[in-house]
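Going in written order, the chains are labelled A, B, C and D, and every chain counts its residues from 1.
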Amino acid sequence: VITQKEKHLQGIFAPLTTPFVGEEIAPDHLAENISHYNRFDLAGYVLLGSTGEAVYLNDDESEILMKAARDAVPPGKLLIAGTARESTRGTIRFTNCMAGLGADAALVRSPGYFKSRLTPDALALHYQRIAEESDIPVIIYNIPVHTGYSLTTETIHRLSSHPNIIGLKDSSGNLGFVGEILEQAPRNFDILLGAASIFLPGLIMGVSGAVIALSIVAPEHCLRLLRLFRNESWEEARRLQLDLIPLNKAIIQTMGVAAAKYALDLTGFYGGPCRSPLPPLNKQEEDHMRRILEKLHLIEA
Amino acid sequence: VITQKEKHLQGIFAPLTTPFVGEEIAPDHLAENISHYNRFDLAGYVLLGSTGEAVYLNDDESEILMKAARDAVPPGKLLIAGTARESTRGTIRFTNCMAGLGADAALVRSPGYFKSRLTPDALALHYQRIAEESDIPVIIYNIPVHTGYSLTTETIHRLSSHPNIIGLKDSSGNLGFVGEILEQAPRNFDILLGAASIFLPGLIMGVSGAVIALSIVAPEHCLRLLRLFRNESWEEARRLQLDLIPLNKAIIQTMGVAAAKYALDLTGFYGGPCRSPLPPLNKQEEDHMRRILEKLHLIEA
Amino acid sequence: VITQKEKHLQGIFAPLTTPFVGEEIAPDHLAENISHYNRFDLAGYVLLGSTGEAVYLNDDESEILMKAARDAVPPGKLLIAGTARESTRGTIRFTNCMAGLGADAALVRSPGYFKSRLTPDALALHYQRIAEESDIPVIIYNIPVHTGYSLTTETIHRLSSHPNIIGLKDSSGNLGFVGEILEQAPRNFDILLGAASIFLPGLIMGVSGAVIALSIVAPEHCLRLLRLFRNESWEEARRLQLDLIPLNKAIIQTMGVAAAKYALDLTGFYGGPCRSPLPPLNKQEEDHMRRILEKLHLIEA
Amino acid sequence: VITQKEKHLQGIFAPLTTPFVGEEIAPDHLAENISHYNRFDLAGYVLLGSTGEAVYLNDDESEILMKAARDAVPPGKLLIAGTARESTRGTIRFTNCMAGLGADAALVRSPGYFKSRLTPDALALHYQRIAEESDIPVIIYNIPVHTGYSLTTETIHRLSSHPNIIGLKDSSGNLGFVGEILEQAPRNFDILLGAASIFLPGLIMGVSGAVIALSIVAPEHCLRLLRLFRNESWEEARRLQLDLIPLNKAIIQTMGVAAAKYALDLTGFYGGPCRSPLPPLNKQEEDHMRRILEKLHLIEA
């Protein structure tokens, strides 16, 4: 449990997929996947994030999944819930619902629907109210590819000293932006990267960890990259970072959650289908994924 | 009630705001507003659209509002519900929930969250499944400013002959796009414009009506524009179209739903606040709105 | 010649292609094309525009082409030159060079390279200096697809009363934007549309003409559309407008100048190749163009 | 001189400003600035780049500036010329003109005007022809903020093994993109970063140097960052990287070339005005620049 604002968000957090059987959620498969992941030295998990197809789940389903996850995650690993709704009040309610079920912190994506009216002041107020009224610590989530805009460094700077806002997950892919925040933010404000292709350069810049979909498919590789960085084994680290880029590109930019789930099915986890309208991989995409996984020795050739 | 696919979507549909008292929904004020609007020759209403801050409402609230609206809307006017969810299955369920409460048709915004994976095929399949399983007719809704992309004319063309897809609301602002669809679509596929600033030119092009926020603030003006078009009073129509542009710009591009609600408060309707994080107008914006309303004789100078 | 600021920009202006033989300019073919076009009731021509691949020409080539065009364009038709350079001073110099060779007016695209620093004030100053120092009247040119931004209606409004700025060519495709300018601008400030797919709706809105690539391939059709509008033959006009959309889409959005030149080669004009890096049409694109031209009876099936 | 394709593009290259007196070029001030810069351990210079306002210069002016620069740059430092024109042929001609005046290599920005028609094949052909016909080695330049699109990693990969294409300058700000190229490209294909805010993380990733506007204002700081990286003084390097971000943001994102020139005027170089339409800094912007320069001890407080 996070008891006060200090360096907590360190290491690699795996953003869990939501297992479906047909179109129904399968909390047992979720628990099973988590128990597999528990073997690795991950810092924790994010439930109900983008990789978890959270926008496809209703509140009842989300609660069932949180209960299953809470039981499966051992002490010593953080369980973070994605809790953003478009309204301030909806976000607070759902955050406290998740807190009641045992979530350790809330990852709150900035609202996007009325983006042209969401001034820096309106966004700061949104996060301040959530931070005030939330029972668990809040992590700001900046993901322009989904929201259609980036939070400004000024807005994040204003929020970074709030006692209940402990950090930022940034998926902008822009390390210059991250650097500007690192230059301004208090030391106990943690930054997690959301882009695995720049994990090593981000660590050099000063981020304390990452929430990366790559880690659900290749947790060992991601953790090794972190160890190589900590051991200052630069050349090996650089080589591994570059090697991981094709897999990350396939999962993130090109084929998305369906690719991650396909890879899980091939590597001993439960992947299963995505909910519609997300399409499954076609034959060609499946072949491409297999080749990448083979190259990284995640499956046999 | 719409009994078969024919020209139904003709005329002006008012996209209703959701009245709040504090942050609570106020269905009585909704009913009251509708009874005011019933005096005008509007073709119907859209409940739970963008102007209705639908993304800020949960399902329970949405149902209460639909019941109140259904009671207030007389036969002869259509009551259309915005029913989009990100998932296909969530959209179908909520559409049929609204159908059960008396909605005449469903306006279904295209999903946006995983846009990079939503191929034309995936989007066509999404709408086909919704159309198959929905108890009421479906209207496709293209609004790039909120979804981050535009449906293609090819996708719309594929869907336009489905017996349960009766039309399109297009808020792209791009009449070339609309023209391309008009050139291809069957005659019983209706197009409603979502952009009041190009209503007259759109009518010339062949759209059959509009769903425009302007009509909740200035219904008389919008209806007069439609009559002038039908009477071929071109010069007067052109003049009125241009006169309406500043009010429309204030509501749509610049100040949003808060501006519409502020105007309602000044003109005998119930406006009230927006839900957070949408900010209220500042003093300067209020003055700007007053001046525009005075110029159109919607309030006294 | 334009002697004072009054309604001059009325009707359809054909944006001429630049004929090449190999990669060398072919002024004789330009003159020949113009003499063909002179048979039609076009209001004039634009030389050195986007359709003329002006960015691929150096100053010497531009001068040779202007001399050839000036000799070929009869009195009674305007010869407008595209004269934009990125710098204010470069634009003034090239404008006056073209003026010296007989251009009747200058079409000046807004600069784009340093767009983030080009504030409304900087852009207004740019056009004011050009207007002051230019020997011929100036037409503002707004084309976001090439410059990466749109001029604001406020900037255009500020410039619209300058005695040497006679109008605007708008290629934004956004009639709401055009309407806002029409609502504000003085009566002697003419607006030419740059988007053929919305020519009829634009005429209804109040534009006085168009500069459209469609008119170099299908001048008769474009002129008939204008006549139908002037005669208030709405239904026929609407039908023709919709019929022209596929050809316009092919030339403008999909296949560009190479498609226009291919069509010219098939219809008795000189088309020829584009300069590199613009690629020629592939076989499939050629077939697509042929089918569109056949459908409009521009070539035999 | 570059005699064969091997690691040449190592270290920091300063993109020179073009000094103007009034609106006239001032080659003597250019020579003077270069002789100042020669005291530093820079790897070379880029003349006629974005920072050099190259789009505001005609060919005659460009030649005069190249002659002045060639005389001022000593052996042992590379003199690279920005030589892009929109057409392939124009680029080849200007590249060979610069080669004739002594440029060591050509930095060729990808063409942008007809971007929708510039397929990967067309762009590859463009660079291949330039590489074949150019008398000096070619460096590809990817700068989406100016061209409106990014070259793909596939296109760059295709070009990276051409014997006369020695490297890439990337100003996308996206290290994931850079990483993907590093993972694919041959070892003798050098990558220079164009974004100073991510110089350190880029070095970790494997870039061999940078062309950064920051280095014309703060060459000593940039060179120290490179030395700290080479000495593996990570903590100091990280600290310096973050310290440099505000100055870089001011020059690059916010105030542009005018800010760089203002800083030069304050630090013993010749800055002078920009060409119109680029506006000068306003009073508030000047104060902001002064404060940043003071903080970095580039001027006295």
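Here, contacts are C-beta pairs under 8 Å (C-beta built on N, C-alpha and C of every residue); 3 or more make two chains touch, one makes a residue touch a chain.
Everything numeric in this text was worked out from a predicted model, so none of it was measured.
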Query = Over half of the interface residue numbers used by both chain A and chain D, so same, or under half, so different?
reply = same
Distance between the centres, which are taken as Cα means, of chain D and chain A, whole angstrom = 36
Key: Whole-Å gap between the CA centroids of chain A and chain C   = 50
Note = Each of the following residues of chain D touches two or more other chains, namely none
Task = Name the graph shape formed by the protein chains and their touching pairs; answer line, ring, star, complete or other.
result = ring
Ask   = Can you list the residues on chain C that touch chain B in the complex?
value = 173-176, 179-180, 182-183, 195, 197-198, 200-202, 204-206, 232, 234, 238, 241-243, 245-246, 248-249
Parts of chain B lying in touch with chain A, wherever the complex brings them together = 23, 50, 55-56, 58-59, 86-90, 111, 113-114, 116-119, 121-123, 125-126, 129, 145-146, 148, 253, 255-258, 275-279
